[in-house]
Amino acid sequence: MRFLKSISKIPPTALLGMVVVFAYIFVAAFAHWVAPYGQFQIVGDQYSGWSDKFLLGTDNLGRDMFSRIVYGARNTVGVALLITFLSFSVGCTFGIVAAIRGGWVDAVLSWAVDILMSIPQLIFAMLLLTILGTSLPVLITVVALLDSTRVFRLARSVARNLVVLDFVEAVQLRGEGFWWIARHELLPNMVAPLTAEFGIRFCFVFLFIAALSFLGIGVQPPTADWGSMIRDNATLITFGDITPVIPGLAIACLTIAVNFIVDWILGKTGGSRV
Amino acid sequence: MTDMAIRQDNLLTVRGLKIEARNAEGDWHEIVHGVDLDLKRGEVLGLIGESGAGKSTIGLAAMGFARPGCRISGGSILFDGIDLASASERTKRALRGARIAYVAQSAAAAFNPAQRLIDQYAEGPVRHGVQSRAVAYDDAKQLYRRMQMPEPDTIGFRYPHQVSGGQLQRAMTAMAMSCRPDLIIFDEPTTALDVTTQIEVLASIKDVVRQFGTAAIYITHDLAVVAQMADRIKVLRYGCDVEEAAASTMMSAPREEYTRSLWAVRHMEKPAAAPVEEAMPVLSVRNVTAAYGGRRKVLENVSLDVHRGRTVAVVGESGSGKSTLARVIAGLLPPVSGQVLMDGGVLAPAVANRSRQDRQRIQMIYQMADTALNPRQTVRNIVGRPMEFFLGISSAEATARVSRLLDMMELPADCANRLPSELSGGQKQRIGIARALAAEPQLVICDEVTSALDQLVAEGILKLLMRLQQEMKLSFLFITHEFATVEAIADDVVVMQHGKIVDQGTRQEVLHPPRADYTKALVAAVPQMNTGWLEQQLQGRS
Amino acid sequence: MNETKLSRGEGLGGALRLHPLLRMVLRRLGTGLMTLFVVSLIIFFGVSLLPGDFAQAMLGQGATPAAVASLRQHLGLNLPPSIRYVHWLGGMLQGDFGYSLAGTRISSILGERLFNTLFLAAYAAVISVPLAVLLGIIAALYRNSIVDRLINVVTLGAISFPEFFVAYILVLFFSVRLTLFPSLSQVSLGMPIWDRLYVCLLPALALTLVTMAHMMRMTRATIMDLLSTSYIETARLKGIAPWRIIVQHALPNALAPIINAIVINIAYMIVGVVLVEVVFVYPGLGQLLVDSVSKRDLPLVQAASMIFAAVFILLNLLADVLSIVTNPRLLHPR
């Protein structure tokens, strides 16, 4: 009963968001069962139309579109999640360090982040990927590092608002160590804004990876990835075929779903975002 | 309308007023439960009550206004024959500003930062078609002069942030007067001001209200203030009527026990302490000068002693440096020069360089219990951690000690497993005290610990502190701006102004009678409970 | 303002002291220039770290060692990196960006490309800014109404779409299905303005859709914050009409944050343009950057990145300066 009641309090948009997210997780986890063919397998002619055999037709090399979209869920979402986790660990750690230590530590970290953020993220990523190459580990590191600047900003500002409160001052007067303050005083009070931010960052990273792949410097072929699938099959669009935009739709649905959930969390905790 | 007789000469008649508010889940619940009000032309009604009494909500409802998240759900609000509870927005808009005006608590927030004061003054009269802009300007200057604002001819051309708090509050009152309304609602207009500023503003308000024969509803939590301003006083609690009487009757012979409790702290007076026995003070501040970020000095050459088992009260208005003094002693703000000594030993200026034992010996209690306790920790952990940290005892031992300490704080034992949000304001402040005592300190710095509390709760906290002091031979450095609190708890008094010590000594020496000129001015500005006090003060000056 | 200024500024010190506003603007300009400088360091030395010989890459593997050496000499590649940096920076300040991998002068390509990109961004801004601000104000005024909720859901959706997805959807509908607009935005220098506007409509729309949502949500949040302030309540209690409250009391104070939101989104547009340009094969700076990245034409990547970064930094600088100069507390100091 209580469970039902708590669900009825959730707005329909957020509920829909959760259902969609669970569906994606399911597809990603069981891709090898859901997909009729392998992601690298060439199974037919190039660009064949929708049929019983190939649900969404085949791509520019004759691979099954539907299977690649299913595997794309695992690859694209997996990479984006990994990057978001990395970016969060780095950004939060430095943000909290800056907030607690203050003084020159804060000044130096904030200055460095300001500089990194003053170069447009996409341009910076393109520059770095040109220099360092486009292997998957490089891609993950570069994007995570660039994105961690945003996490740093948020974590630092949330933590700073807490550090000035009397209860943290009382603990500092007691002489508790850095990790104790971070672990017991700050983090428990940062859960809500950080959860919402995780959703926002995930969406951003997800779109960003897709954009890089679309430009040809993200996830590299032959791995099935939604961004590069659009790029590879874009020619079909000029013939009025909607198949190439389906991976784009898959991206859009997931980000909308996550955004709906984030919106609900923010509304619940009285926060807001723009 | 109700069948109750409505007096013909009433300006405002409120019957059975009910107001609802929406909580976080979006459900409506009643916060004002059927209140009646009667106000004659030219009469001043005082509305008094503690936090949560619904005073401001009722005051705004008298204008037919409900803040976002509130709604008037029942009753009638009859203003000069018009029912504001059911009137159209247009009707209400025509009345607001023109015939009913409002003075907010924080004038600094209530003035538009992007407009000059005089333009905001003129907006009402011009929009309501009472005066032209030029006439309104002249009128404003005259009112500013009448209200004894400095440079009355030019002050209106300033922007709000260029004018001090006391002046802004007067400008706000002048603005409310601009259309010569029949009724003004004053919502705690002097609560945010220092006492010496407050008396000036009170005098100005009282003068203009009397001059124009304006009726007023004066909302405050301070009985002494309302006694000066109101003809009749109505006491509210939890959105219900408690009692109503003429001001003098209410002050001399309140019917309800609750009303009497509203000035609980004023009844307290600590018995004079025995003279100091030990030569060595627990805490000794020597010639301390301090500044924030190398700018203007906030403390200048401050010296004081706190002896074992005694309470030193530091009094002063905002900006006197009293809180900065606490920060210097605690090691949060290393002084520019001077020393802080504990039992004769010099303490490191910054808390980071102090030994664990030194940190243990000084503990702080804060003003706002809400921000002083971590909302995500149970009371057991909040109070238990200092024990584990300083005394090195096991977790089980700490749990046992916490429950003994909570018992000493007169708190129920099951408090230990609760979060701060599940406790009342007074209980939270007791947890704050328990946390300080858990470290077994010698000196406790109390920073305005009762200022945010209702009188009855404050009385309980003060009594608790005194009992603990006797039992544990504690020394208190008690920072406050209220003389009633000083009388209730202090053995020694330090009076501060602009970062310097004006006077210090035993309470008898400093306050009975006030020794320094500044102390005299401060004490004289504290409103007293008799209704004629403000007049006497003003007459005494001229 | 004059009254207070006179009474304040008459002292001897007053004449020498800078107006606080000017001081803040100068300080912000200083940090902006500093940022630009550090960014140029990052871009230059980041690329310099790369192994490989640029002269060799320009001439191809078949070139004689003597030819490579002489080209190295000619391009100044034998000089230490710090000297090369000074030359690079000095050249850029005079509009000389050096040579691309193909051996052409970068500055000769860059001008037109930059113009095309700025044109597209401006085009999109002209459509999206007024629309976003207006819708944002409407959403704030009728908050929690059906209109507001609808706008909220729609904009939330819009910020969730990848730029290239929006662009392709537009192509699919307006150029392939309805054949109203071309799917490729070919522009050239001497093109009549109407043709240019026609050809660029789809890319401009795509940009508009993705940035408008952000701008609108920021405007709505700003106005909502303002409407809950105490001085707006005061105005209500003075019996001022609602529309007048918005015009007289809310908007003057909302100006700074709204301007800020607009400029930040325009800065974002300058970057978002990269993806849209690729979809429409539009000859802008973004397309150039993407091409040179895939060819690993490092001098061009350096130059294009530097220009993108500079525009981005300058726009952010502008946003900050505008919000400083519209702050009444700084405009009318004590």
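Letters A, B and C mark the chains in the order given here, with residues in each chain numbered from 1 onward.
Just so it is clear, a contact is a pair of C-beta atoms (placed from the backbone, for glycine too) under 8 Å apart; a residue touches a chain by one contact, two chains touch by 3 or more.
Note that this is a predicted model, so its numbers are computed, not measured.
Engineer: Please classify the inter-chain touch graph. Allowed labels: line, ring, star, complete, other.
Structural biologist: Drawn as a graph, the chains make a fully connected set, so complete.
Engineer: If you take the mean of the Cα atoms for each chain, which one ends up farthest from chain A?
Structural biologist: Relative to chain A, the chain whose C-alpha centre sits farthest away is B.
Engineer: Distance between chain A and chain C based on Cα centroids, please, to the nearest Å.
Structural biologist: 24
Engineer: In whole angstrom, how far does the Cα centroid of chain B sit from the Cα centroid of chain C?
Structural biologist: Chain B and chain C have C-alpha centres separated by 49 Å.
Engineer: Spell out the part of chain A that touches chain B in their complex, as residue ranges.
Structural biologist: Checking each residue of chain A against chain B gives 9, 165-170, 172-176, 184-185, 188-189.
Engineer: Write out the stretch or stretches of chain A touching chain C in their complex.
Structural biologist: 13, 114-115, 118-124, 126-131, 203, 207, 210-211, 214-217, 227, 230, 234, 237-240, 242, 244-245, 248-249, 251-252, 255-256, 258-260, 263, 272-274
Engineer: Write out the stretch or stretches of chain C touching chain A in their complex.
Structural biologist: So the residues of chain C in touch with chain A come to 35, 38-39, 42-43, 46-47, 49-50, 152-153, 156-157, 159-165, 168-169, 171-172, 176-177, 183, 214, 217-218, 220-221, 261, 267, 270-271, 274-275, 278-279, 289-290, 293-294, 296, 298, 301-302, 304-305, 308-309, 312-313, 316.
Engineer: Using the touch definition from the top, list the residues of chain B that touch chain C in their complex.
Structural biologist: The touching residues are 60, 63, 65, 67-68, 92-98, 101-102, 104, 106, 109-115, 123-124, 127-128, 154, 157-159, 161-162, 175.
Engineer: Chain B touches which residues of chain C in the complex?
Structural biologist: Listed in rising order, the residues of chain C that touch chain B are 3-4, 228-231, 233-241, 244, 248-249, 252-253, 328-329, 332-334.
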